[in-house]
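Below, subunit A partners subunit B and then partners subunit C, in two separate complexes.
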Partner chain A sequence: MYDINRAESAVTQQDIKISARNVQVYYGDTHAIKDVNVEILDKTVTAFIGPSGCGKSTFLRCINRMNDSIDIARIEGQIRLDGQDIYDRKVDPVQLRARVGMVFQKPNPFPKSIYDNVAYGPKIHGLARNKAELDEIVEKSLRGSALWNEVKDRLLEPGTGLSGGQQQRLCIARAVATAPEVLLMDEPCSALDPIATGQVEELIEQLRSQFSVVIVTHSMQQAARVSQKTAFFHLGNLVEYGETDDIFTKPQDSRTESYISGRIG
Partner chain B sequence: MTGFAFALLLTAALAGYMMNRQAAVTLRDGGQRLHSLGMFHGLYALLAVLVPAIIIVLLWLVLQSTVINRLVMAGLPDGVLDNLGSGAIQLIKAEIQSISQGRVFGDPEQWKMDAAERMNSLRAASGWLMLLVVAAVSAAALFVTRRSVRAEFRARQAVEGITMGLLISCSLVAIFVTVGIVLSLVFESIRFFQMVPITDFLFGTSWEPQIPIREDQVAAEGAFGWLPVILGTLVITFVAIVVAVPVGLMSAIYLNEFASKRFRAIAKPVLELLAGIPTVVYGFFAILTVAPAIRAWGASLGLPIAPNTALAAGSVMAVMLIPFISSFADDALSAVPRSLRDGSMALGATRAETVTKVLFPAAIPGIVGGVLLAVSRAIGETMIVVMAAGLIAKMTINPLDSVTTVTVQIVTLLIGDTSFDSPKTLAAFALGLMLFIVTLLINIVALRIVRKYRELYD
Partner chain C sequence: MTDQTNDAPQASHGWASPEFQNRLSRRRRSEAILKGVGLGAILFAFLMLGILLWTLISGGTQAFRQTHITLDVPISAELVDAEDPSRGNYRNVMNEAMQVTFPDAEEGDLRALSGIVSNAAQFEVRDRIVADPSLIGQTITIKVPVSDPYDQLNKGNVDTESDETMRRLNDAAIGWFQQLQDEGRISKPINWALITNADSRFPELAGLKGAIIGSFYALLVCFLISFPLGIGAAIYLEEFAPKNRLSDVIEVNINNLAAVPSVVFGLLALAVFLGWFGMPRSAPLVGGMTLALMTMPTIIIATRAALKAVPPSIREAALGVGASKQQVVFGHVLPLAMPGILTGTIIGLAQALGETAPLLLIGMNAFVTAAPSTPLDAATALPTQIFIWADSPERGFVSRTSAAILVLLGFLVMMNALAIFLRNRFERRW
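Up next is the complex of A and B:
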């Protein structure tokens, strides 16, 4: 009883950034996401965990409409960002994606210089009025993703020449430079070594002060380390959603318990 | 006899394969650990029988007729070839050859009949000898390889070595053929430059290859300055590329990025059909449709336009080049990883921004490759310009004027009754050599550009 009260008070203290209602996703005939309801808070790290193929990445890609480019994907239900239905006809997915940034599983820097990689978003959205402002945004974003000291002397070298961990931080800097309100991360550390993973996790903790972060991860330790809220997905269902500590210490659902204790997955 | 030799060879090779594999398997079943699989022991025998024997047979077939001819000519009775020129000796040789094949014209001398008979018997002997040699070589190879089957014999490495040799010789064939082509061009060109100074050719601004063919003919002294001709080629190429590159690129971008699956499924094969149209047909199109249209258009503006304009030839050539550029660019765009596309879209870029700022730069090396291939084709293209461009060489860069091209001149120099010792005919080889050098230079430049971008983007 006390737990529920605490959860409720937490919700009222923080703004709800994204709320999903009865979301269904179909890939052709496959029912990939079944009736998902979730409320994601502002300035919070929310982790999506679950076994492979459980739909957590699919759901993540619904939040910035990256599934639009897949012809056979069909989405029902409502996802609201600040109360606005993002699947509304009036919403331009291009503008939505400027507000909801994304970092992918594999680092995917553009074949351009480090500077141009970070400046890409600000340039296309007209965030800088002149070169000096653009320089400032680039530096701030690179500092924000803890990459500045490593690359400040070689901003004009290709971003593809960096190491894997540096590339992923470059991609985070690139996403941050667009000044998003939500940052979606699809298994951002799965291609990285433990040291680079540690750096990215530290970064996620810092990013939380500016916006809401949603991270899909295979690693339960990572979810426990970086997130405040955790959602457990299984076979397309959102099984359990709550405070990270509660999910890992006293899960309500037997499936969650089995997964975190290593019996399914 | 040759067919029989090959049959023998194949049988021996297959037998060797079976035998060695069986031997290896027997060893293995006997409890020994083989270094190589049985199959490699078999293949080793197969290759060891085939490769040397085939080389022998091919060399034999190439050299056989020369050797036999020499023997026959040397065996002719004394005196019959005295005081004859090389042409007459050639004729006698040809006559003996045709008699030996049963085609007897008129009533040849007895010594020719004898020589033909000798030729036939030599041929038969040569055939048998070849068969014998092939049999001996195969038997030797079979014997040697059969003895090599031991547990520790590295048959796999041996097979790999032989295969590597085959691969190397195949790539050498291409190189040797290229070298041969270049050399034949160079030798004929040298003969040309002995008659016409090379500076006149390279820097002359007048191209009038009409020279007297016979002593008694009245004609002006010819002029062989290639500049107006190459200028014509460049003008037509320029027109073709200026039209084809934007159209090809834009169609590739549309097909790759924006078109629906159904439209793409129809449009792409149709576009590629353009590449299959014979260039003669493009030539018809140029003279019957495009050139009159351009003339009518010029007339309506009050411009006097020649019937054979560079614009007509160039724009029709452009149509031919569109599928090249389009499919190269399409492949290059498709090869850009999906993750880059997703990354750009996820930053809130529109599709147009994604194409122009991310996909296109990443695809540049492939696109440049396609464009330069198109340039090479445009420079070397013959049929369209023979039909649609002019014949008179003019120093002009006006695309509304009539120009001629290097390929057109080569064709006109070589058709009709020609002898290969006048500068008029030899000029064609010099032009061909220059065309070769120009396209070579373009390819070198292209490779450099591609490499530079690769360094930047990899």
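Up next is the complex of A and C:
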């Protein structure tokens, strides 16, 4: 059924990067995430799938504490990054977000030049000591997000002038520039056309060699194409988590089976 | 998905039936009425604006020209001492000049004759002599404003046919003026005194310099106080303040503050700034502080609206790469909100420029004949100057009031144009 060009399943390293224990999220009175336990591996693409409103994006935003800016959100449980509880009082959410980068659903480059978009993160974190180093980071990041050849002659033009797919790759370059350990992607291709989607997916596969990628997607084909691990969320519960192949070929839970065969969602 | 039914509403009438045609024409009619009413409202507004401007311009243009007289003034050494020219008897110098101009005038007419020339003439002669004492003993030619009644006569505002006792100038005076005109001594150049002179008791000398500088200082103080405080308050409330009952109360109160009658701010300033702090009366500094109280809520509201209008995706993007809240606000949100903030600020300042009531209460409607050199000197502002002139009985102040309103409107138009320019200049797309 899913005879698609699946990503290499051989996971090079099986270190646990992120481990979540009994995570609960409340939005006011709504219990949005119920008791989620998951272990995300290093140098692996993990896909979160599930119907709309199932909590996959909410959980993703817990991993870099983006929910902190929502006043009514309350988080319980533990999320450990390399064994360190990220909700610990000693952890600075601002620094955490440099280590756990994020790419959003809609491409959202800053209304600045392409160069400044990529250079912003390294600048505010002091990752470059001088202009030459900064130039190098920018080039490396843009090469890393497969955008360099398209924009190298117009680095000073506004990032908002690029096409949708280029903008999204620029956002990936921006996230990559701070040398994150984990890259969170919240439906990164939902606003892109199929060609741009293909380019971003190819990019995700390349990025996996450097760090762990967590991607939320509505497209099951995309999850099957890009990920090695898949987690299926339903109504705030993590229903099933395992090898992508297993989830799509022999799901254990009846809800998973219903979803991937299109009966719920 | 599967529970799709086939009982979708079916049209029971044909779309062409008379009932539907009636309905359609009713809808069209009500739409046409709505359009007509809207257009009418706009035309009415333009008509009123046109009437206002026409009244001001037709009344005020006269004040942009001032009748001047060219006189030969003999400077006799008897009246002006070469040792100390500044203390000469210049009133008599002017009387002599009138005697020379009207050689056949009788002794009794001299007083009335010297009334043709503005009071300022003797001071102008004095200044010339002090600057160059070698002129004593010679005859100099000066060009000075005529006094207001003759200015009005020259501008055609005096009905020479009316009963002599009902006007300020009798037939003899009109005859003298006619004689001067025939000799080519009367001219009507542009009245630069309107902007280069400060206020005066004499309409022909009164100008707006003091009021313009007073307004400028007051607005400067107002801007320096209300802009940073307003933006700071707005940023805190919008970006950092916890969303609780207290911030709701603060928000409601700021909105109410923007609607408080300005005279109340004037009373507050009178009690606090003048009463408690003992600050100088009539000073543009205090005026500016009072106007800042009024302008701040406007700036806070405009700034909050501008901050709110910045798309959340930009905040998320910045937060996502690890920017701190402060970096997000100052690096991304504020620059994008700047056009809106500037527009709101300039509109607020324009409002402050036209504000009269609070300035009356702190004494900025005083009669001040010198332009202020610092914000601590007594001064008037443009709206209070208009208020003073509108209250003055001399004919010359009628057209000067209109002219002053035109000057004020000119400044307002300039400020609004600046607001539009800044908005277009800094507006960025995302």
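In this text, the second predicted complex is superposed on the first by the 252 of 265 C-alpha atoms of A that agree within 3 Å, B and C clash if a C-alpha of one lies under 4 Å from a C-alpha of the other, contacts with A are read in each partner's own complex, and residues count from 1 in each chain.
Note that a residue touches a chain if its C-beta (ideal position, glycine included) is under 8 Å from a C-beta of that chain, and two chains touch if they have at least 3 such contacts.
This structure is a prediction, so every number in the text was calculated from the model and none was measured.
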| item | value |
| --- | --- |
| Room on subunit A for both subunit B and subunit C (clash or fit) | clash |
| Touching partner for A:S145 - first (subunit B), second (subunit C), both, neither | neither |
| Touched partner set for A:Q199, first subunit B, second subunit C, both or neither | neither |
| First (subunit B), second (subunit C), both or neither touched by A:K106 | both |
| Touching partner for A:T230 - first (subunit B), second (subunit C), both, neither | neither |
| Touching partner for A:N64 - first (subunit B), second (subunit C), both, neither | both |
| Subunit B versus subunit C as contact partner of A:S212, first or second or both or neither | neither |
| Location of subunit C clashes with subunit B - one stretch out of 73-81, 127-135 or 379-387 | 379-387 |
| Doubly contacted subunit A residues - partners subunit C and subunit B | 64, 66, 69, 71, 94-99, 101-102, 104, 106, 108-111, 120-121, 124-125, 160, 171, 174-175, 178 |
| Touch list for subunit C against partner subunit A, complex | 242-243, 311, 313-324, 327, 331-332, 336, 428-430 |
| Residues of subunit B touching subunit A in the complex | 261, 337, 339-340, 342-350, 353, 357-358, 361-362, 456-458 |
| Interface residues, subunit A side, partner subunit C - complex | 64, 66, 69, 71, 94-99, 101-104, 106, 108-111, 120-121, 124-125, 160, 171, 174-175, 177-178 |
| Of all residues in subunit A, those that touch subunit B in their complex | 64, 66, 69, 71, 94-99, 101-102, 104, 106, 108-112, 120-121, 124-125, 158, 160, 171, 174-175, 178 |
